[in-house]
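Per-chain numbering from 1; labels A, B and C assigned in written order.
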Amino acid sequence: MKLRSLRLRKAIEVTFVAVFLISIVVALGTLAMLLGSVVSTALPYLRTEVVVNYASAVNPLQAGYAAAIVGTLWVVGLTLLFSIPLGVAAGVYLEEYAPRSRLTRFLEAGVANLAGVPSVVFGLLGLALFVRILRDITGGPTVLAGALTMTILVFPYVVITTQEAVRAVPASLREGALALGATKWQAIRGQVLPAGAPGLLTAVILAASRAMGETAPLIVIGATFFQSYLPSDPRSFFVALPVQIYGYVGLPRQDFLDLNRNGILDPGEPLLASGGWPGVAAAGIVILLVILFAFNIVAMVARNRMQRRRL
Amino acid sequence: MARRLFFLKAEKPAQPPETVSAELIPPTPSVVSISDAAIESRNLSVFYGAKAAIRAVSLQMSRRQTTAIIGPSGCGKSTYLRAINRMNDTIKGCRTEGELLVDGEDVYGPNVDPVLLRRKVGLIFQKPNPFPKSIYENVAFGVRIHYRVTDEELDGVVESALRQADLWDEVSDRLGDGALSLSGGQQQRLCIARALAIEPDFLLMDEPCSALDPIATARIEDLMFELKKDMTIIIVTHNMQQAARVADYTAFLYLGRLVEYNRTRDLFERPHEELTENYITGRFG
Amino acid sequence: MSGDTEGLQARTRLKGALASLEPRYVWEVGEKAVRAVLFLAAAFAIVMAIAIGLSLLGPTVSFFGKVSPLEFFGGTIWSPDIPVGGSVQFGVLPLMVGTLLVAGASSAIGLPLGFGAAIYLREYAPGRVREIVKPVLEILAGIPTVVLGFFALLVVSPFLQSWFGASFFSGANAIVVIGIMIVPIVSSLSEDALTAVPTDLRDGALALGATRFEATTRVVVPAGLSGIGASFLLAFSRAVGETMVVLIAAGQHIRLHFNIFDQMTTMSGFIAKRATGDVPSGTPVYDALFAVGFTLFVMTLLLNLTSNRLRSHFREEYE
């Protein structure tokens, strides 16, 4: 039996820790590169025009996101309107009322599995159900159809976040109310939900963030790419911010596809050389990220204030 | 000696015991000195943040003997024990001052690596913590880490350790079974075997029997008498009868300070400090 | 807070007094109604899952009425619009291979990176590093996929073109970006699994003289294996379902091949690409979209169910 060298054992440890650290650096570095490249590409196009103008497939200097921004607000707004009450109700049921039975576990499993379905499949569901079968109600590929589709997509996240928020409320709060003679629902409405409000706010922000950023479902149900009017009611056709971005990203593609086929494209030639559409796309990304970021920051601040007041 | 403890009646203290007793901590504890000590602490203090868990404890422990550390909950006995094999290092915010000499070398000195120290100084935990692996792999774990072994050598070491821990007869035919299928007492003996497999010179035991029934406890106490022939044992216990049964020397700690340290017999029959007597007779703790 | 309690007490006393006047069943009916409504909300999840299944099923069944499953799952040419060799072809293998190749290769990147990050954050990172890295990983997880697709085309593609001779649109673009995209998922879930392993196991290993690395890799990780495996499956499932990155950066050609440096399409990429614009219901192409979508749904469902199974097994051991 020979003793293993301590230096070797330590060397192995140091090597692996270095590799692990590199993993983190790679992930964070990629994020930094992403943000940096997007912002620098967007810079020439970050002017008021890009927010106020309608989309253009012809002139990048005149292209804007007006319809897309309003469309996103419509879709996200309706999605929250539908999904928050539904999701919170389901979450409260599962956490407070449901007995520990097979049915409950089945429901919870159903919610969990719904969360793992690829977003494009929700798009197909929306296409078949809301755009085609229920055309009379939704009016086809409209804001309403988009919001309903997104509601289903977002629903499991709201449920799970609500469950966690309710679970975090100390039992003493609930039991104290019940001991005073409150019914179960009175205890929940009066004590548990207000106490869990920070967590519920998280659920709202989570739902809103997802609804804002998901592109594939909206593409599949038929959101338009270039629309030059603002949606005026739930039964309008619409374009959403991420879809619009995709539209602008897709524009130079055709050029590049042709170039590629003819073998003219120089390897390493940056996308920027195609006349500015990437810049427009990048500007849209900046708008989207700013909105998402602002949302989350506001939520964090609000949550902190809520929690501080509770203490 | 155990009988005598039962006959002593606890008198009702005039004031809450804690306040009375705290004043009784001697500035200089009564400590018997030992030549050629295997383990010696000099003014050892351990801090968790700003709070001191043990303060300026100095004592010497005799080679190939069993030393018990007793005292009420929270007096720092586990902390002192873990200082010996530097397990306190794993706790964030833990600071150690003073010297702790094992075989004459300060283990908190600059040249000592805890990894090698722990090969020499084993630790048995209060709650048995076998790994979720087979019985064989549990015992083999320490060996595999420190040594390059052939399969035959390893088989031999595993068997020898299990025999030493008085567990071989019960598991020899099912070494591949999961360790968690064993009873509590067996699991603890498995943990002892696991520690013995790497042939430590010292064995630290942190209330090893507190989670076990009396029969399992008795088996481990018998084991300790056998193991004493080859190694120095330090045991922390809240059970004074146990200390009286197994230990050659006993140290009494209170609120992080050493109060008295003597041969076990002398400590229990003729305590020098009033605080010691109060604790032994059950006035507090 | 105390104001709430007093108010609640007052209201409750009042209601209690009223209750003695009102028939008892009104209260119970009210409570029951609330409970029923909430139950329905929860059942919505099941209803939705069934709705997905059914809405996909309709056109899928219609599809397999026209195209045999053998041709679908075994055919190597996918050309639903343009006839090849005389007729339109519905062999899904090119899409399936594309999906598995992209998901598999990006997992090969993302799973080790994420797992390594989890170990580092759990075992070695000083508090301040954790406090910075974890939120930043959360940010990475929150980036919309259309942005990731744009990044793939803007930065990753030129890099791969010059270093590997890739074409402008290539599977490798998507692979690299999706690999990074799943790192936060793996990292966060694996870290949870490692944390759930009781510390006395780790302490036991350290007390035997193991280095932190040895204690982690030889005891903690094996103990947490089912939880870690669940996280791996979940990340892989995410990669399988990813659409926008592939749609934007991986290309259009649908051909059965294994060269990641060339254009590739996945199942999800195909659905998103083809479903834009008007596809009349009832046509073979429309049905084909749903057949592919159904296959994708089943694949991810199986992956997620297995992952959940592993996670329950893990929870039973440690909770």
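The rule is simple: a residue touches a chain if its C-beta (ideal position, glycine included) is under 8 Å from a C-beta of that chain, and two chains touch if they have at least 3 such contacts.
The structure presented is a predicted model; accordingly, all values stated were derived computationally and were not measured.
J.: Central chain, going by Cα centroids?
T.: C
J.: Which chains are joined by the largest number of contacting C-beta pairs?
T.: A-C
J.: Taking each chain's centre as the mean of its Cα atoms, which chain lies farthest from chain C?
T.: Farthest by centroid: B.
J.: Please tell me the distance, in whole Å, between the geometric centres of chain A and chain B computed from their C-alpha atoms.
T.: Chain centres of chain A and chain B, defined by C-alpha means, are spaced 55 Å apart.
J.: Once you find the CA centre of chain A and the CA centre of chain C, what distance in Å lies between them?
T.: About 14 Å separates the centre of chain A from that of chain C.
J.: Compute the distance, rounded to whole Å, between the mean C-alpha positions of chain B and chain C.
T.: Chain centroid spacing, chain B to chain C, equals 50 Å.
J.: Which parts of chain A, given as residue numbers and ranges, touch two or more other chains?
T.: Within chain A, the residues that touch at least two other chains are 9.
J.: Got the chain C residues that touch at least 2 other chains?
T.: 211, 214
J.: Quick one: which residues in chain B touch 2 or more of the other chains?
T.: 115-116, 145-146
J.: Given the complex with chain B, which residues does chain C contribute to the contact?
T.: The touching residues are 198, 200-201, 203-211, 214, 218-219, 222-223, 317.
J.: What part of chain A is in contact with chain B in the complex they form?
T.: 1-4, 6, 9
J.: Taking the touch rule as given, give the residues of chain A at its contact with chain C in the complex, in rising order.
T.: 9-10, 12-13, 16-17, 19-24, 26-28, 30-31, 33-34, 37-38, 41, 86-87, 89-90, 92-94, 97-98, 106-107, 109-114, 116-125, 127-129, 132-133, 152, 155-156, 159, 176-177, 180-186, 190-191, 194, 209, 212-216, 219-220, 222, 225, 242, 245-246, 249-250, 253, 256-257, 259-260, 265, 267-271, 278, 281-282, 285, 288-289, 292, 296, 310
J.: Residue numbers of chain B touching chain A in their complex, please.
T.: Answer in residue numbers: 113, 115-116, 143, 145-149, 153, 157.
J.: So in the complex, which bits of chain C are touching chain A?
T.: 1, 4-5, 8-9, 12-13, 15-16, 27, 30-31, 34-35, 37-39, 41-46, 48-49, 51-52, 55-56, 58-59, 112-114, 116-117, 119-121, 124, 133, 136-137, 139-140, 142-151, 153-155, 157-158, 161-162, 165, 167-169, 180, 183-184, 187, 211-214, 234, 237-238, 240-244, 247-248, 252, 268, 271-272, 275-276, 278, 281, 289-290, 293, 296-297, 300-301, 303-305, 307-308
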